[in-house]
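Two complexes follow with chain A in common, the first pairing it with chain B and the second with chain C.
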Partner chain A sequence: MADTTFTHSPATTDRGRRWVVLYLATTGLVLLLMMLAGLWMRLAQAGWVYTDPALFYQLMTVHGTGMVGIAALGGAAVLWHFLSAHVRLNSRVMGANFGLFLIGVVAILVADFPGRFGGAWTFLYPLPATSQGAWPAWAAALHLGGLLVIGVGFLIWCLELARGIIATYGGLGRGLGWHVLFGGSMRDVPPPTVVAATMVTIVTTLALIAGALVLVMSLINLAFPAVEINPLLAKNLIYFFGHTFINATIYMGVVAVYELLPRITDRPWKTTKVFLAAWTLSTTMVLIIFPHHLLMDFAMPVWAMAIGQVFSYVNSFPVLVVTGLGALAILHRSGIRWDLVSTLLLISMFGWMAGVIPAVVDATVVVNSVMHNTMWVPGHFHFYLLLGLLPMMFAVMIHLARGEDTRPQGSDLTALLYLLFGLGFVSMFLIGGWASVPRRWAEHLPEWQIWDQVASVMAVGVIALTTVFVAMFLVRTPAILREG
Partner chain B sequence: MRADPVIITGTGLIALAALPPASPLLEARLPTHILSQYPVVIAGGAVIGARLARDRPAPWTAAPALLAVILTLAFWLLPRWIDASLTDPATRVAKIASLACLAGLPLGWGWVQAGMVLRGFLIANAAAMLAVMGWLLLAVPSRLCSAYLLTDQRLAGQGLLIAAALLVIGSLGGAMIARDTGMRDRTSGHRTVN
Partner chain C sequence: MNVQTVSVLLSFILILALAAVFLRVRGLAHEGRDYAPVQGNAYRIRAFGFWFLILVGLPISIWLFRENPYTAEAAAPQVINVTGYQWYWELDQSEVAAGVPVEFRVTSADVNHGFGIYDAAGTLVAQTQAMPGYVNRLTHVFETPGTYQVLCLEYCGLVHHNMIAEIVVTEGGSDG
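Then we have the complex of A and B:
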């Protein structure tokens, strides 16, 4: 079989570089603020800081929504940075997305704090309109409107990616390498970054259309409560939107592995038909696995539940296997000298792979009926994002801060400390889930609080190390911008 | 001077949907009214608009033109104006004229002038809003148009949802289809090793 050897491209073109830096700087700062909000919640559950339950749910809403949004913003920066070396992109779109993102964030913050909206990032119908006086209708409308504005920004961003890929490769199918996979062609083989970007473009665009639909319907329900919508359909759309959107962020981030490991080891990333097949399979499956969020909804059709369970088992493996094996093949006997960037990338592979396991366990119907409303589920997504996605973003931040010099420069101990504190933090969620501690409870019983207390200590460590990584990037930001 | 066959075709489409014998049949039921008459009138205008836009590049006009399409459609999908167009001849003329000139014509013109991102945005927005309209027609407990039965309203709702789904599937299918660009836009290369 013919392999396509992708010779790693020059660092990047200058297009959009200022926006990439601005995105990553914003990501770092917002990440720290959201982590502090998360720590506050864990301290409240630990019984160490009194927090009014209403405020807890406001914090939970801001933390959840903020983390999803900032994961997307940071992922977008990483993907744009590397994709712009392969595909000509219009950086004004990055500016438009950033402007809309800021407008949306302000709307959400006003809705959630002065407005006291606490309906969680899932904004499940009919909760926004039935707060029992906890928040006014305008706050719910402002929160949903903020989400809508942010979604419009990301839709434009996705469409620009699609335009660039189509203009360069001749179609999204060719961006996924279908002409190689099905046509046997060896011309214009898309590099891994383009394949990942194509997948992200397709799934995120579809997710955003579904998100816009359910957000507008929820807004109509807020304005005209007599217009009641089907709650199960609304929930399906929300999870199709939400699960796909957050899932896509890791596929944005993984291009850092595809681009940086080859540079660090000076070995090419081999793209094979198996690689292309894996990405095509995941493109399809990412869109249909969301029913694993609805396994407890008895009114869901059985076939949808079956899809949710079976494809949740299968979905993660194709891309994980080709990426994991690809990374191991590059690292094996490469003589690599580990440093901060390479260690963070390796941690991200571990976090991604290991973080998927609790999700697969929870996607099993018999387990789900016991575990889904416990701390097990936050354990999964904190594992996946904290140790999978964030190290990818930190690696890119530090890579840029070092002037894109890939020679080893030490500091890998901080990455290992981040791994240890991160593992300690997410383990407390998982152990809490194993012990049937319910999730989304503002107050915990004394018997549960030991895990909250350990988690709080671990969270402090994670925040301290995140501050180090972000500070390394921020102090170099003016120089990066000057260097252009 | 020879008449342009494209403009004749567009005018013919508008006349076909707006005049008897087709118009009373199309307007008799809500699904055929908004899912047949509207699209045909708009398509007639769009054919003319696209013809006029050819060889007249003005990309800055794309966004305002497409915005006009959205606003015009939003207006004529309001039940109050659907009803009025059935009872008041002047409103009926205004409906056909504005659907042709303020929705169809700018759609054809704007589509030709627009870049791929704007076109994609229009499609995504249209799909989401068609689905919203469809869902609303299914969810609202009472009749929205006094001229049509509730069963017609439900049927139109289902039709709009199907139209939204077809729009998404068709557009995604179009974006997936390979066209050889000769890699003109690529900014850096990769090589193939056998």
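Then we have the complex of A and C:
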């Protein structure tokens, strides 16, 4: 495999750096609050803290929506920070997105707490409009409207990325390196960060359009109940949006690995043809595998289910074989001394790769028949988000707090503890799936509660260590902002 | 061993194997070596992994798909019509014979619900979505007699965790 020329990334000339810092600070704070909401839910399921089911489902809605939102906000900060060294971006877009995000958050908080909306982050039609009096229609409309505002913000953000990439590289195809992959050209080879950003832009834009469509349809249905939506169509749009959007967050975060590991190890991360092929494959596959969420909807066409199963499996190649192995190779016998940043990045690759495994298993129809909507599912996504995405974001926070100095500093004990508590926490979800515990149940049977109890203890550890990482960043935030 | 146990064992073994690789890389990182040979090895492993996944994994994934619940068997001898409501199940019959296929025709009168069948030991044995406007046909053969429970497996609002029904599976009718 001929390696093409490596475009070395210059020391960062981050435009919109203040916004990046503000995004990450917000991410850290909201993350902690949402984790506390998660702990509360776990304590309720464990039978340790009595919680009214209505409140449980409100917490579940806020936790799910909030976590997906800040996964995107934090991912966006990481991607922007590194991409803006390669592509000229207009930082006012970061401000616009942030403003819309805050408006959306306020709307959602009002809808979910005083308004008692509890329709989950997936707002599956027709639940928002059909709560049997659990929440009023205005609360549902306000929540969905809040989501729409946040979605518009991210759409603008994605379009700015697309504009920047097109302006610098001459097209999204060139951002994915197709001229190198198919044309054999060796010029303007996009660095890994640009390739990832192009993929993120494409898939997130499509996801947001589908999401906006189904949100508008649901809002119309709330206003005029006579206007109905086909529930299977709504489900397809929602899972296409939800699956693609949350997956894109880790493709945003992974640029931290592409950019920081080479600086830490002094070994380049090359854009090879295999790398480009892997990202092009990911771009298409992440868009077509969402039917793995609909395997228990027997009304779906069988070919869509076959795609959902077989391509979910294929989709793991690029991640496992190219990015994961690439990260391991760059670190292997590199002569580095582990410190907090490098260990967090190592953990993030492990969390991502390992978190894919239960997902691929569950995307198999025979397994899905007895695992779908059990705790196995939160087991899979907490694995790759808590131990994959979050360590990427923490690594960038600490990297910035250290003034972007990549020389090893101090010990990595806190990262290892985070890994251990995190593994304990997500394993309890997976074991719950093995024990057939349904997901999204406000109250658990006594025989299930042992897993909930262990998970609660582990969650306390995760939250404590998250507090440490976020605090390391926040105490340095004023100084970073002053330095500009 | 049921499907759940196979899945959890397989997943945990693969995760542990992956962890072993990561631990090895972590342990050897302090040895500074040239990148070129390391990278050469990684490319070889990558090529091996790629072909292994294509030539072994992909056929397995396709082969596993042949066992799917979508192609409903012709005229099952026992039929139960199921409708989900916020927040109860309506089954037009709740007693079936073991060993004989049962076809569940599952729908919903309001929002999405999940029709999950649990055996007496509390293990999920089969499920399908209950969706307004659609009838999903789930064919299942109850192997052992006993009292089974139906739990809701799709979030449907305030009392989602309390949407429980019973199916009694009796001996007899079975010729094997």
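One rule holds in what follows: the second predicted complex is superposed on the first by the 473 of 484 C-alpha atoms of A that agree within 3 Å, B and C clash if a C-alpha of one lies under 4 Å from a C-alpha of the other, contacts with A are read in each partner's own complex, and residues count from 1 in each chain.
Going forward, contacts are C-beta pairs under 8 Å (C-beta built on N, C-alpha and C of every residue); 3 or more make two chains touch, one makes a residue touch a chain.
The shown structure was predicted, so the numbers you read here are calculated from the model rather than taken from an experiment.
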| item | value |
| --- | --- |
| Chain C versus chain B on the shared chain A, clash or fit after superposition | fit |
| Which superposed partner A:178 touches (first chain B, second chain C, both, neither) | first |
| Touching partner for A:188 - first (chain B), second (chain C), both, neither | first |
| Partner chain(s) touched by A:95 [first = chain B, second = chain C, both, neither] | neither |
| First (chain B), second (chain C), both or neither touched by A:156 | first |
| More chain A residues in contact - chain B or chain C | C |
| First, second, both or neither for A:168, with chain B first and chain C second | first |
| Angle at chain A between chain B and chain C, C-alpha centres, nearest 10 degrees | 100 |
| Touching partner for A:230 - first (chain B), second (chain C), both, neither | both |
| Which of chain B and chain C A:209 touches, first, second, both or neither | first |
| Smallest separation of CA atoms, chain C relative to chain B, angstrom | 13 |
| Chain A positions touched by chain B in one structure and by chain C in the second | 230 |
| Chain A-facing residues of chain C, complex | 2-5, 7-8, 10-12, 14-15, 18-19, 21-22, 25-26, 28-33, 35, 38-39, 41-43, 45-46, 49-50, 53, 57-58, 61-62, 64-65, 67-71, 86-87, 110-112, 114, 116, 118, 122-129, 131-138, 151-162 |
| Residue ranges of chain A touching chain C (in the complex, touch as defined) | 1, 53-54, 57, 118-120, 122, 124, 126-127, 130-132, 134, 230-232, 235, 267, 274, 296-299, 302, 305-306, 309-310, 313-314, 316-317, 320-322, 325-326, 328-338, 346, 349-350, 353-354, 357-358, 361-362, 364-367, 369-374, 376, 430-431, 433-436, 438, 440-443, 445, 447 |
| Chain B-touching residues of chain A, taken from the complex the two chains share | 2-7, 9-10, 13, 84-88, 90, 93, 155-156, 159-160, 162-164, 166-174, 178-179, 186-189, 191, 202, 205-206, 208-209, 212-213, 216-217, 220, 226-230 |
| Complex contacts: residues of chain B adjacent to chain A | 115-117, 120-121, 124-125, 127-129, 131-132, 135-136, 139-141, 168, 172, 175-181, 183-194 |
